[in-house]
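Each of the two complexes below includes subunit A, the first together with subunit B, the second together with subunit C.
Coming up: the complex of A and B.
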């Protein structure tokens, strides 16, 4: 178990992230679209994405120190990184996901 | 950092996330603010203020201690120093590190360079305790000489070939004041030591003067005794002898009646007794044996004299050839021993006494002891009160003045013993 986790984090092959949104708010919709586009392009089948709607569950957001939405929290690979906003800045998003900008 | 306050790193972290939020807000990319985050944002100014204070505090701490920082990176072969470090060496910051090093090296006192080199070599050796401190002098162009102290630590990296130094980091401060205080303290100590020596020498000189005076006194006293003895012997005794001679001539020149003959006989006996007394007094004042044959021989005569006069058995235990060299000592010691023997005869009831004479180094040691009744300390003190300046205590004073020591050992029923120890020096008279 421990070995497999170590291996996973070493290979940087798998991404785990949480996207905090506020219902169907404009920025939240854009953020979800921008994120999914990048994930399908670059991480197909190699990521877990959880979407949390703070209008339904704000406590999960507070637990992760998320104060505004939309916000993307990348939990794996470490370190934890938070990107705020509609994720329209692709280079910032790629950097947070530890992906090569030029590829 | 005051206790309970967030650390500098925590503050920076909080500031970064707050700035991210503001950026998102300004870009109108936010559509919800959760819970107390509105309040948190309002606290942003406070965070910034706190961070500014924290930064000030850090730089203040550095400046107040006058601490400069420096770092040497092995891989890049680069040296960098803080503003304060440049100030301490009185050099201007230069982007060319090699030039900076040359400038620093020029400032260091030539006599201290070798030491720094050897410390530097040592600092790069892998060791358990990679912390070092070096004190050295720096010559500032305005002519001042400044003492700097640097503490540093070497960071090592574990490689397959063993430990390898990666960088050396250090802090540097000005310790000129401290060094000056240390130097002043050392000089003060030296002055004090010198003064103590001077005072000691003065005291020693006074003691020596006092001892010379005491010797001079003994010598004068001895000369007086000698003069009296000579008068008794040469003048009075001669007169008495002449008187006896003439009397005998007169007495034998005519026949006498019985009553007259008895008178003449009584007068002759009185004359003889006077002659005897004069001789005895003369001997007592200045024993011929002491003058002619020295202390040991005089003590030997004294022992027999005491036995004869007082029926007191006296044993003399003295090695051959240990007569004192000093011309004063024999008289002082002779009189002291005689006084002690009389004391023993008067007080102890022992009927026997022992005189022991030894030489220990440059000291003459004489002990007079008996196995008599002895006396306790209180009795001795009582006797001291009654007869201040006489007998035993006069001896004590005399011996001490001549730089000697006297030890009295006695207890009721345990006998009485006096040990005199006196340096035997040939004094130099002016």
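Coming up: the complex of A and C.
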């Protein structure tokens, strides 16, 4: 499921990511909320977000070596970064999204 | 009229106890130890230190089951997991071909250790992958190799335990039989402790490898099997080119056949000394110092047996077959034709070249194929060089046991170095297990070098009790002219 598509396409300022969740599990719901909050706050209109439910699409999980959920895979800008967990640790999420460069 | 009923307790156990369904390992010996195999719909843990052979054993069970029509899914967490296919191929197990035929599936996901931990997570992803992949090939058997590697993602021991419970619950709920390997850390200071896995699993098998007097031996032990009988002994095993081979420590001595008919010891005079000769299926020990004629006596026996059309397997720890044949030829004992006619088979090996299990495996496989009537080990005293006296004892007793079971005459020559008890093999006491003991000796009276032979023990026969003098000539063994080998002045 595609949750967001970037409106402008500036390579430097553009984020591309996949969030892997397991159904409507507590951690999965939290991860989605936490991610959307940060994205809408800091990256509005500048990110592509796809959400994959591993219970429905195990092949995507296998293809991306996803063994634990929730897991966020940030593919752009490089390098690829994986963040495991419900993304409740905002500072780590910002770092992974390269939004915390001043820190 | 008498009617026969099954024993009441047997009847009861049949109706009240539902026997555990088992998945065979298809490894001879292991299924015996596990009383049928690993438990179905449950988790079996296979643990051991690095290099103990867990992955090899797991892989063999996985492959053999797939080949027997039980498809399986293997998940490999070890780094460089694709190497598993190559390792399997060295054993002749072509995982790729089986995978293409839809009989198994192997996945080796890469674990990203640099992943940032940004909150709570669980192994739901893995379970989803397992469920999907297993359904794809109709697998109800899952092999998880190196679960400890996956668990490293969870820094907290409590979380690791939770995830294992999670996995176990999922396996049970989905009716999956699982075989899980995990590295057992041998360091006392190790942070990683996966003891809880043992509590969780229904069946726990430990593998270890240790050095026993410079020779490496591997052992397997079942430490737990919920709801099933099992053998709790330590079982030595080896990894051969055909996979894992287990050796029972000792088989039931009750299966031994009684001593067979009288057979010639190789020459008439010697037969008279022995009270008729040796007995088919007995164990004979020929002891003496270097050069006393042990190899000559066993070669004489071999020649006589081969001439009767019986087969002899000759294990030589001292000389090559060529050297031995040339040496015997000079005494008019010609073994070469019997090798050509395939009545005589030599097996040579340096005792220290391998451990007891490898030696036995070689000998037993050859025996099974060659089916000899008689088996010679020259000299069994060299077996100490397999690592220790314990190793030598193991070797001798188990070979003897195998011969007895199959009614094969077992002849050991034994090099004695001192005036120590003549039926002792360098401290390895097997005298009570020997049926016939022959002592060879030499002495010097002035300029005269003399040889003598004594029948120390000959079970079930009335034998001579004195030393008989003999010479080794180019015509073989000649007894003293006035010695007809009769008991004469016994003691």
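Brief remarks on what is shown
As a working rule, the second predicted complex is superposed on the first by the 89 of 103 C-alpha atoms of A that agree within 3 Å, B and C clash if a C-alpha of one lies under 4 Å from a C-alpha of the other, contacts with A are read in each partner's own complex, and residues count from 1 in each chain.
Throughout what follows, contacts are C-beta pairs under 8 Å (C-beta built on N, C-alpha and C of every residue); 3 or more make two chains touch, one makes a residue touch a chain.
Just so it is clear, the model here is predicted, and its values are computed rather than measured.
After overlaying the two complexes on the shared chain, residue contacts for A:39 are found with neither subunit B nor subunit C. Once chain A of one complex is fitted onto chain A of the other, the partner contacts of A:17 are absent, as it touches neither subunit B nor subunit C. When the two complexes are overlaid on their common chain A, residue A:92 makes contact with subunit C while staying clear of subunit B.
In the superposition on chain A, the chain among subunit B and subunit C reaching more residues of subunit A is C.
In the superposed model, A:81 lies in contact with subunit C only, and not with subunit B. Comparing the two complexes, residues 22, 25, 27, 54-55, 58, 61-62, 65-70, 82, 84-86, 88 of subunit A contact subunit B in one case and subunit C in the other. Considering their complex, residues 107, 109-112, 114-126, 128-129, 131-133, 150, 153 of subunit C touch subunit A.
Residues 20, 22, 25, 27, 30-31, 34, 54-55, 58-59, 61-62, 65-72, 81-89, 92-93, 95-96 of subunit A are the ones that touch subunit C when the two sit in their complex. Across the interface of their complex, subunit B is touched by residues 22, 25-28, 54-55, 58, 61-62, 65-70, 82, 84-86, 88 of subunit A.
The touching residues of subunit B, counted against subunit A in their complex, run 17, 20-21, 23-25, 27-35, 37, 40-41.
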